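Note sheet for the following structure.
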Amino acid sequence: MSARFLIVRTLRALLTLILVVTFVFLMLRLAGDPIKMLLPEDTPASVVEQYRARWGMDAPIYVQYIRYVASVLHGDFGMSFRDGRPALQAVTERIPATLTLGFAGLAVALLVGLPAGIAAAVMRNSIVDRSVISFAVVGHSVPTFFFGILLIMLFSMSLRWLPSSGSATWAHLVMPALTIGLWNAATLARFTRASMLDVLSQAYMKTVLANGLPSSWRILRYALPNAAIPIVTMLGLIVGQLLSGAVIVETVFAWPGIGRLTVTAVAGREVAVVQTIVFLSALAMVMANLLVDLIYGWLDPRIGSKTGGMSR
Amino acid sequence: MNPASLLTVTAVSRSFASARGLFGPKARMIKAVDDVTFSIGRKETLALVGESGSGKSTTGRIALGLMKPTSGTVHYENEDLFKLGGAAWRQSRRNMQMIFQDSAGALDPRMPVGAQIEEVLSVYGLAGGKSARHNRVVDALDRVGLGGASIEHRLPRELSGGQRQRIAIARALAMQAKLIVCDEPVSALDVSVQAQIVNLLMEMQQVFGLSYLFISHDLRVVRHISHRVAVMYLGRIVEIASTADIFKNPHHPYTQALLAAVPTTRRHHPSAGPLLGGELQDPASASSGCRFQGRCPFSRDICRWVEPALVEVGQGRQVACHLAVRADTEGGGRA
Amino acid sequence: MKEQAATDPIGRRTTFASTRRLPSLVIAGAISFLLVAVMSGALADILAPQGYNDQNLLIRLKPPSFLGGPHGYYFGTDELGRDVFSRVLFSLRFSLLIAVTGTLVGAGFGTLLGFLAAHFQGLWEDILSALVDFQASIPFMIFALAALAFFGNSIFLFVILLGLYGWEVYARLVRGLVLSAKELGYVEALRNLGFHPIRIYSRHVLPNIGGALLVQITLNFPGIILLESGLSFLGLGIQPPLTSLGLMIGSGREFMTTAWWTAVAPGTVIFLTALSVTLVGDWFRDRLDAMPSN
């Protein structure tokens, strides 16, 4: 991987973040008086004035923009309406819960999706392949919130095995993680299958397999590393899906994470909290995509040496 | 600029950047067309011949105003094609049309061919109402030998290559075009059909007073249809003369080689001729001297250092060869 | 929730369901279900036994008639004694209407940008790729919710948001198709006929790439339905007194223990609709791929 590739990618990531900040600033200006939107109604007048002064609401728009960017860089996103705390604090305290759910969901997605995709590709056109395909199609057609509700009905109400809401114990994690994980497993299985089929159809793989029966060891040893390259690019997409999915799944299972906070904040039009979430999730996505790029460049040196031209 | 001529191409050059990154970090410029000048008169057919890669198709596109030259000008009836604005340029299309080698590629694959001719009429308001337009379409089809109502409702893929070429001609006629650039119009067709299309083109020239720029590598067809011939080699015109002069007494060694390679009706071996040895040069390696020297059996010292200019050697005849010029002057107008 | 049905991240086409032709029975089933769903939505006024907001507080949360509930209430009643069956029919109408409108908005916007990028190239392609990068940097659900928080809820914004979901797939598809159409020759030939670019693109190129565009629309449609129902489920999409399938599940969730049918009936309909469209889209694409390309 060349240094140029690294720099180009990092610059692109930074540029995207700047775009996000600019976009939110414009939205705020379009939507109305930013001060009113970012501070609770019962904020003392002195605090309001303090914010007005700090953001220079009378100054030309570009000055306002620069000051806005500066305050974002300082982590000042405004105040939460509900408890009058800084919005950043209200959001960051929810991060661990969402991370827990996200990693658990990712684990489910990987544990189910990868083997399913590999098995389907290796045993192409068999009953296994058909089952995986059906799983992927059906899995993508079930709304996550509906799936979550069905799980609650089955495991909490009929069988009484698992708690239906909250996050007190590990048992609480099972259903949310399954809901969010299986949805992503469907995506992952599909891509893994396609990617593996691609690799298996290539000439060198045919030689490897012709040397004997296609043992699973050979396939894992030779095909998977090559199939992994496109699969890795999926991970950036999956981080986005996890965050999007968290909004719904956390609501269904009353999981106290960022997703649920988003919904309550939007319902209460707590713009300060919402913009904080937008920035943090954009940061997470951009970091994930950057990481994917770097892993990609490391797995496939040809990409790294060709610099950033591949993006278009 | 010759006032009698319909189209005048003056000192036109066109360079392309070679693919970047393949041979190095820097793009190299390839001159596909290099300082080409010619003109076409009314009711005249000028043939542009040469091997593939000689730049004749690029020249055709530039002459038509479809591609901007790197330098040089193209005038149609004293109007500089590349100084026209969008609307005026589009209007100029009525006068000049093109017939492509790939007859299928020239037509919208999803529109019945009759509708494609009719569209031209309606865009230019060339016929009053819908029924008048339809009559014109039927007329045009009739004139190119596709009479009978059944053809107009067919899609391009349901027609043969020859029929599609007739549709393209009919469309150009419907527009009342005066100049048609024919880019290898018959080389994708069966030999029997080739003759029909060529004859149709010649007949239309008689009836409507058309001018053609006829791009081809097939010298037999060229001899049949054209009044004058320009021979191109690696982006330059090396010889330009009347068809009779070119075929009876070619001056440039390259023209001679090309003619030697033509299978005559009696001898059916398409031999490359003893003259054309060596490979077509890479046009990117712009070395000094005559471009043809590497393959020329008569190459002298001067050919290696000085690029011959296209000079007048007789009535309407120009050659770019040191030897031809000398032979001509020495022999006292032997041509 | 974000999915890309047509291409994987490196732009290669992947097959969603199968490279083989799906069993015709499944396709027939999917098409019939969609026909029934569209007809039910369209004819809800005639087919529904009751209006979608007709309350009868005497029969609240009663089970479907086939499980011993009140006669004529095929899917039971909800917490206000409204007929779940009638509400599903009307919800189907609103959900499909909103999803179709959103799809058209997204397909239109993406197609336009794709044409612009292919026609002007250069700067427009850079704009397109910056927009795609930007949209990919915010999880779509968060993006949609933020817009709703900033501007407040309205049907107009809601439809725009649904349209913004997946527009980049159309833009990339159309750009690629137009660029290859330009190489096919007929675009240059038309240009040489002196036709205005707008005529060339609208009368000639669009009909030629219409099939591929239609396939992409079908492949994106399930995602839009799920997004619409997801946002409505959260209470941030379609608002009462209107109704939608997602909204029904959202309110039915409260009564999971006592009246499961209030959530299961609309949930099943969403699932079957999304599944049918996916299957039909795949089948449609296989047919298009099998057709001779002119």
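Think of it as A, B and C in the order they're written, each chain with its own count starting at 1.
The criterion applied here is as follows: a contact is a pair of C-beta atoms (placed from the backbone, for glycine too) under 8 Å apart; a residue touches a chain by one contact, two chains touch by 3 or more.
The shown structure was predicted, so the numbers you read here are calculated from the model rather than taken from an experiment.
Chain nearest the geometric middle of the protein is C, using mean C-alpha positions. Counting contacting C-beta pairs between every two chains, the top pair is A-C. Computed centre separation for the pair chain A/chain B is 58 angstrom, with centres defined by C-alpha atoms. Distance from the chain B centre to the chain C centre is 52 Å, each centre being the mean of its Cα atoms.
Centre-to-centre, using mean CA coordinates, chain A is 22 Å away from chain C. Across the complex, chain C is touched by residues 12, 16-17, 19-20, 23-24, 27-28, 30-31, 37, 125, 133, 136-138, 140-146, 149-150, 152-153, 157, 187, 190-191, 194-195, 198, 230, 233-234, 236-237, 240-241, 243-245, 247-248, 251-252, 262-263, 265-267, 269-271, 274-275, 277-278, 281-282, 285-286, 289, 311-312 of chain A. If you check the complex, the residues on chain B that touch chain C are 64, 66, 89-94, 97-98, 100, 102, 104-111, 119-120, 123-124, 156-157, 171, 175. Chain contact summary for the complex, chain C toward chain A: residues 1-4, 8-10, 12, 14-18, 20, 125, 129-130, 133-134, 136-143, 145-152, 222, 226, 229-230, 233-236, 246, 249-250, 253, 256-257, 260, 263-264, 267, 270-272, 274-275, 278-279. Residues 184-186, 188-196, 199, 203-204, 207-208, 294 of chain C touch chain B in their complex.
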